[in-house]
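You will see two complexes here that share chain A, one where it goes with chain B and one where it goes with chain C.
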Partner chain A sequence: MAEKTSPYGFRYIGAKRRTKEDPRFVTGRGRYAADIQLPGMLHVAIVASPYPSARIRSIESAEALALPGVRYVLAGAELCAAVDALYVGVDAPKVKRYPLADGLVRYAGEWVVAVVAETRAIAEDAVELIEVDYEPLPHLVDPEEAAKPGAVLVHPEHGTNVLYHRKFVWGAVDEAFEKADHRLAFRARWGRSATVPIETFVAVAQWDAGNEILDIWASIQMPKFPDQLARALRLTGNSVRVHFDVDVGGSYGVKRGMKHTLLVSYLAMKLRAPVRFLEDRLENMRGGDMHGPDRIFDMQVAFDHDGIIRAWKIKALDDVGAYAGRSPLQLGKPVSAICGPYRIPAVEYEPTSVMTHKTPQEAVRGFGQSPTNFAMECTIDRVARHLGMDRLELRRKNLIRKEEFPYRIPSGTTYDSGDYHTVLDKALKAADYEGLVRRRDEARRAGRLAGIGVSTCLEPSGGNSSFEPLFNPKNETTTWMDSCLVRVDLNGAVTGVFGTSSSGQGHQTLVSTVVGEVLERDPSGIRVIAADSLNALPSNSPVGSRMAIMLGGAAAGAARKIRDTLLKIGAHNLGLPLSGVTYRDGDVFDTLHPEKRMTWDQLVEVAHRKFHKMPPDIEPGLQAKFVWEVPTGGTLPTEDGQVQMYPCYSFETHVVYVEIDPDTGKPVLQRYVVGHDCGVMINPDIVHGMTYGGVAHGVGAALYEKFAFSEEGQLLSGTFMDYLIPSALEVPEISIVDHCTPSPLTTFGQKGSGEAGYLGGPAAIACAINDALDPIGTAIAETPMSHLALWSLIRAARAKPKMKDAA
Partner chain B sequence: MNEPKSSVCITVNGVEHRCEVPTRLSLVDFLRETLRLTGTHVGCEHGICGACSVILDGDPVRSCLMFAVQADGHSITTVEGLANADGSMSVLQDSFCETHGLQCGYCTPGMLVATHSLLKTNPNPSAGEIRDAISGNLCRCTGYQQIVDAVQLAARRVAAGNGNR
Partner chain C sequence: MKAAIFEYARAESIAQACSLLAEHGADAKLLAGGQSLVPMMAMRLARPAWLINVNEIAELKSSRRDGAVWVTGAGLRQVDVERDGELARAVPLIRQGLYWVGHIQTKNRGTVGGSLVHADPSAELPLVAQALGASFVLRRNGSERTVAAADFFQAPMVTATEPDECLAEVRWPVWQGERVGSAFDELSIRHGDYAIVAACAQVEVDSAGRCVRAVLGIGGAASVPVSAEAIARSLHGTQLDDTTIEAAVESIGQYLDPGSDVHATAEYRVHLARVLAARVLRRARDHAAGMARGTRA
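Let's turn to the complex of A and B:
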């Protein structure tokens, strides 16, 4: 747990503080979208396509409609004519996506018909009575096949399955490859997994006919959600009111739910009744459209005898499934840290986003960075192995040094600050690295498979949109603001208001801590609310590890305005110049004669009631908003694709000790240490919690979780019986070692941490597994490194005569 | 519609409920939709995630895998019933707040039910025993660590006799 007092010298920031949110959750008083019960509410169940690719010949729904309690049956033809297609993140306007398929189905599980009934059970009964006649069509599951000319097309109108392709060359890459002493090439594969929150998607819509406003309660985490929803419904933005005060039961990127919400919105307006859709787990896994990156990396690296890396080339082919959304942009974020934490002067990056007949991909924690970190760290370990050099020595040689910050990488982004060597050393010390090496070697002598993995990875944070114009020149978005409103009421109580939903990040705690810090008032008395979208200031939602930076900065900015106003009121009433007064604990006093003062209550009373005592040009009432653009944001990419991507760069190093049971292939993570530097931590317990959770996600992605598809295009892991989420027995005890290199760009020196743990975890686990496999002359560069995959490799290696890995 | 219904008498958090329920109504839907006790959550509806855990006659069970009619004549405690008689948080609930043993809160009721039951039979569990007890409850936020910390803290506080708050 966090220290009682702030290690940074702040009053509240960094000190142990219970969260605002936890009490309602431990007492069963959270309010999630599924808890919203509206009078006369109707329920939706879905008829999904059993085919990965087919033409819908006919839909027969008379029998379903005749079932008592069934209110409506909606098919794609009606819906697609009445709403606009969902937003596509890249320039692919003909890749149209609607909540229900119309004409063609493009993946097994795609929604075809929505049945509305008085209860969910009746709706599900009616689903069984609907007959859809399909004409099966050829399908694709292999992304490499899909990218080839002449492949079966997922969207024939688009003319190709490729959504995005570009080769970026930053620096003298070819020259570096020519001149380097060594070159290596290998393929790494990141399997399709996702963060899979325990709450599925839920959306409730109600048409307020009197005011002509559509009210929405949905489990979402998404930038520009209300605007996109209004556009798709052909409504004005001010006709949609998204209630951000519902608790979201986990997201970690995936809770976009636009198609879910569009569907219930249309139905609520059509039927003039509140409509709820609550995904069951099967619907969520196959048709929730929340699968994560599914990537093939072809890595090439050029380096010298001494271990200095001169250049690398990263080719990334990402299978986004049947529709686009924002998923192709997950190849974009890695541009922000394309050389990792290393001094690599020349980089080539060739991302390709391709469609197949699979469940669509959505944003997943890290937005494509964790797979890239995994591929980069596998590269680093292979270089070390090739040179016979210690992996830590190789990293230390190539890591950017503390004194080199701010450090500009070849792709145009400047890293704000860092002290990678120190964090690495602290983590190694905490892990007793030498002791681990002895333990590993003893285990090996005893005939066991044991390995140590170390990763050094970056977490780009402060979520910006730079990949949008980078990947789509028609999109000139350079604004990616967030905001906060702080209000002091007549009785002197402070309220912070923000405008997005929360899914466990602790935004109420964040805002109250920051506002308390600035106003020098106890955060426990500061109320924080999430306004609805018609009442809220602009937000780009908690994506890209941005809220400590962006909402924290906005809350501080608003609170400072309040403090400035109180200072002016105090100075005016004390008859002093502004320079002669001091603010402390909410009071304003004469700096030279502190007994001459106005208390908080007096100042507030003047602001609210006593206009005659107000200084000129100050608004009465006491509230202030602060909207700020993401630091370093606001510029478009250059022609050659150089761009300042994210503002802040957190660093993490993971040290993992693994032993693999050679007979079952089961890996056990016996020691796990994370060294973490995300600058100033506003609430250390929250940061640590996210980091532990990120590691758990990393353990899942690295070892267990996969949305596997059969050759026939069927999802094989659509339940928790076969999509394996790590339990408390698979996730090891984790030790976190903190370090603080403040960011020069943020209000208190904070950086982002929402993706911590996940960004370095799979990389380190892969390095540990490969260290364990090395003595038997085999290797793996594919996630998940399942028991079966490891068992197969071990078996094959043992069947062969002994030889050292040539890679 | 003429759905088959059955009469049940189920005691939930000390309150007896006598009513007619559709025979096919799951226990979790009965708790959430009929009684409006929405603290119990639904995560997978196939018995893996544990979010719907409730205490049935003293033992944790999956309320998604039971029908309401199967609970006829039984006594159930949900997360809403874990607080002290005066409505204040139990030691365990308070300890979850102290260690931040949750984030989004969705799995939390199940975790509380599982660990409340654990502490009843094993007042001083090791970290391994706690992990074992919550191994049937999936959490995607915490990596379980601060949950284990919370349960250990609660056990220490009860043992020290200062837990009754």
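Let's turn to the complex of A and C:
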């Protein structure tokens, strides 16, 4: 095993070390929620609505119930009376969502009836025997229509389809637009895509009647999951025990699963038997409520002859589908980086969240930041084109400079640190930018469409959820803490305990590395486990690129407490003041006479067995907890909507070379380089792995993936035949160049990076495609940039009389 | 995604498969590689009452030259056919088409006969069979008949195979000339997807480079793969220069009746057919010239 030393001067942090998790995954020893096999477990299949909007007249289930092996048929009327509605992220209490529709269905694929049987196959047989009589009602698929007064209402009780709307003005925007030499406006559109993990959603529930505890194993990445579930079930919080020790087979945001888990929980309690629901791919893509942002951006920008951007206005209309969970808040995160990495002094932002009769939206990697970065980077390239200025020169002029950090942006957030110019230069060098330009120009001379795209984007990290109070005045959330418990047993082994699920972020590697660093003990011997929710310290789950910062900080804090205790025990037993002893490799010794020492084993023995040798006021045993608040957290937004959102800002720049076959519209990415600065990397392999995955995800969003709906409200891409995820053959070889600007706010200088690659990828690919299209005088600002869309543009451009783009 | 209930039998011989088919007829389906049938059953789009596994039938796995034809057993795995060097020299379009079929993993299971009988209008092997004019040997209890490709492919997922018939072998014409070239190309959004449009061509030229024989096929743009015979014939006697090819394929639309979907409009498909037809003809020509010079594609 190659074990290179840390580039940062740490002992373990940053060193190339094998991860804790990978051996079990690559040897097939992961343990997922679907691996939980309980005696007598029952299985669920779903009857889904074929209509995007309809009234349920009647449900006939006698024939299904008569099928041998069928145990129960549950419809919305029963369930909705017995449980409370699911949480809504904005102030829209009448937008009620339950696992099963009751009365009205609001999208094609919405769950109407749940069938419980001894096997999933029998449940599916029974589904075919259930007859639901629907009265079709008018439906909406166009978000702009939906936002208009008088539109058909998805939730009549709510009175409008708009879930959230506000116009934020930070700084002298109108004045800047008035005084600027130039103004530009255009529309960009981000198509509805998502993340589609290999593992669909799965939830298993079992009612422990003896202890009166509901046990849950679920494939989740969801803050406040146990609390929300207990509340919806009308149980006390301590009646629900969520087992966080199951592996999650990918999430990237979407594994929320409240409705799935609420459904099996109710059934398990009702039937007094363990119940599992394992979505199949069809259920997952149509009714799993996991589609991502679906946005129309109206962008306006004001700038001067010299390329200095004075202000921009961003109008974002987001189609969240038929219900609202946390999805409207995905318009909130971009507030934290609303001017991107640029020195833009005045910004207007007008987000609108609107409902239509489509599958509901869920959180997707970056929580709305990648679409915004895409729109912003398209803007930057258009400004350069308008001025005839080099796109890199324009970026260099507007990027915040290293010496300006910490840098406060108009929306009230302070960026912690960065060196954007250097990261950009490193990436360009690694890509041999001049060589790429020559290659592009040669290709163009040979009649091919070739382009280079460069994006410079931010990744806000360390999520503190302050978009919640910003978007909902009734919500006063100002902490989004995370925790860790570190324990040293009688035999001297170290265990770290965290209290949330892990969907591939490598919590075990993270905690063991950090604890090893602080205690100066080899991380390979440190065990890390996930507590269940009744044993767990408070945690807010691995969302918002937060675990390196938050769990890393908490683990370090707990380990430091252990080290402090060991120092006290050592000093006490060596008869020295604390200032006279040193801690090294787990031993404590007299600083002046290192041979006078207590070893790790001796110190541990004292803590566990020899109370008579303990210093006063120290608890016996050897364990410590640490609960950490998000750095810079703790304040509510101001009246005008200024707020410190995320503490740390990672930076990424992508350099992409693309060629498009002008006869077919097929784009091929031929070179892909990422320059990345997420501060100190605790485990570089994990960071790089996430970045590779993020780039692949971005390639999918940019070129291939779309949950398309017909005018009739039907999902047209509900299988992998039509929802096209890039394979290894479509994702180019990716080179990553690292840079490290430590964050001054975190324990070791780390920043978050869970969304890396995805946040700058689609933007750069769009810039490359537009560079390729520029010579024929056309442009695209819509994802996915499909073969058909590109061919249509090329054909239309060729049909026009030949001229250079007037802009 | 659990299949509806079905009965299962494993046939040890073609005769046994045929008797089972005779017994269960339209309620039965033969299971070969299962790369299309099994997902369709899982989605309950196919619900055979009987599934007859023909994977273990040795007589379906022969591959041999028989004069001017190459005979492949219907049960041969696509991967084995793709890697058969002798077959690739005799009927190069098969390997050239299989390059585009699915992925290694699907080709390890998928069979030649399964793909042909499934008859997806966008699939590669049906296109090659149609373009080359392959013929299909269908067996039933006590009898056998041979059907030409032109009669075999009838509609999307519909062939001339009767419910009690089993495809036993496919007979691929071998062009025995010195200067024969071929090419296959397609546009799919991702490698391994069904083609939006696919095209293949095979030409033979004389020592002066004149075309003496040509076929051109288009897949994905009509209800069955089509052979553009008039266009191919119009190339006879020409030097197959780029201009001639461009002009010849201009009228490709007459053969096509494409639909529109989320990935491609009918108009886009016709355009692609024209582009790809010209490409494969040019490449086949160059391939033939290369054969004459003794190089192998």
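To be clear about the criterion, the second predicted complex is superposed on the first by the 802 of 807 C-alpha atoms of A that agree within 3 Å, B and C clash if a C-alpha of one lies under 4 Å from a C-alpha of the other, contacts with A are read in each partner's own complex, and residues count from 1 in each chain.
Operating definition for what follows: a residue touches a chain if its C-beta (ideal position, glycine included) is under 8 Å from a C-beta of that chain, and two chains touch if they have at least 3 such contacts.
Not measured: the values here are computed from a predicted model.
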{"item": "Chain B or chain C, by number of chain A residues touched", "value": "B"}
{"item": "Which of chain B and chain C A:Lys666 touches, first, second, both or neither", "value": "second"}
{"item": "Which superposed partner A:Thr195 touches (first chain B, second chain C, both, neither)", "value": "first"}
{"item": "Which superposed partner A:Leu729 touches (first chain B, second chain C, both, neither)", "value": "both"}
{"item": "Which of chain B and chain C A:Ile686 touches, first, second, both or neither", "value": "first"}
{"item": "Which superposed partner A:Asp280 touches (first chain B, second chain C, both, neither)", "value": "both"}
{"item": "Partner chain(s) touched by A:Asp304 [first = chain B, second = chain C, both, neither]", "value": "neither"}
{"item": "Partner chain(s) touched by A:Ala121 [first = chain B, second = chain C, both, neither]", "value": "both"}
{"item": "Which of chain B and chain C A:Gly69 touches, first, second, both or neither", "value": "first"}
{"item": "Shared contact residues on chain A - chain B and chain C", "value": "121, 280-281, 719, 721, 727, 729"}
{"item": "Chain B contact footprint on chain A (complex, rising order)", "value": "1, 18-19, 21-32, 34-35, 37, 67-69, 121-122, 195-200, 247-252, 280-281, 503-506, 685-686, 688-697, 719-721, 725, 727-729, 731, 733-734, 757"}
{"item": "Chain B - residues contacting chain A, complex", "value": "1, 3, 22, 24-25, 32-33, 36-46, 48-49, 51, 78-80, 82-83, 89, 93-94, 96-100, 102-109, 112, 127, 130-132, 134-149"}
{"item": "Of chain C, residues touching chain A in the complex", "value": "1-5, 43-44, 103, 187, 189-194, 196, 261-265, 268, 271-272, 275"}
{"item": "Chain A residues touching chain C - in the complex, by the definition given at the top", "value": "120-121, 124-125, 128, 280-282, 663-664, 666, 704, 706, 708, 716-717, 719, 721-722, 724, 726-727, 729-730, 786-788, 791-792, 795"}
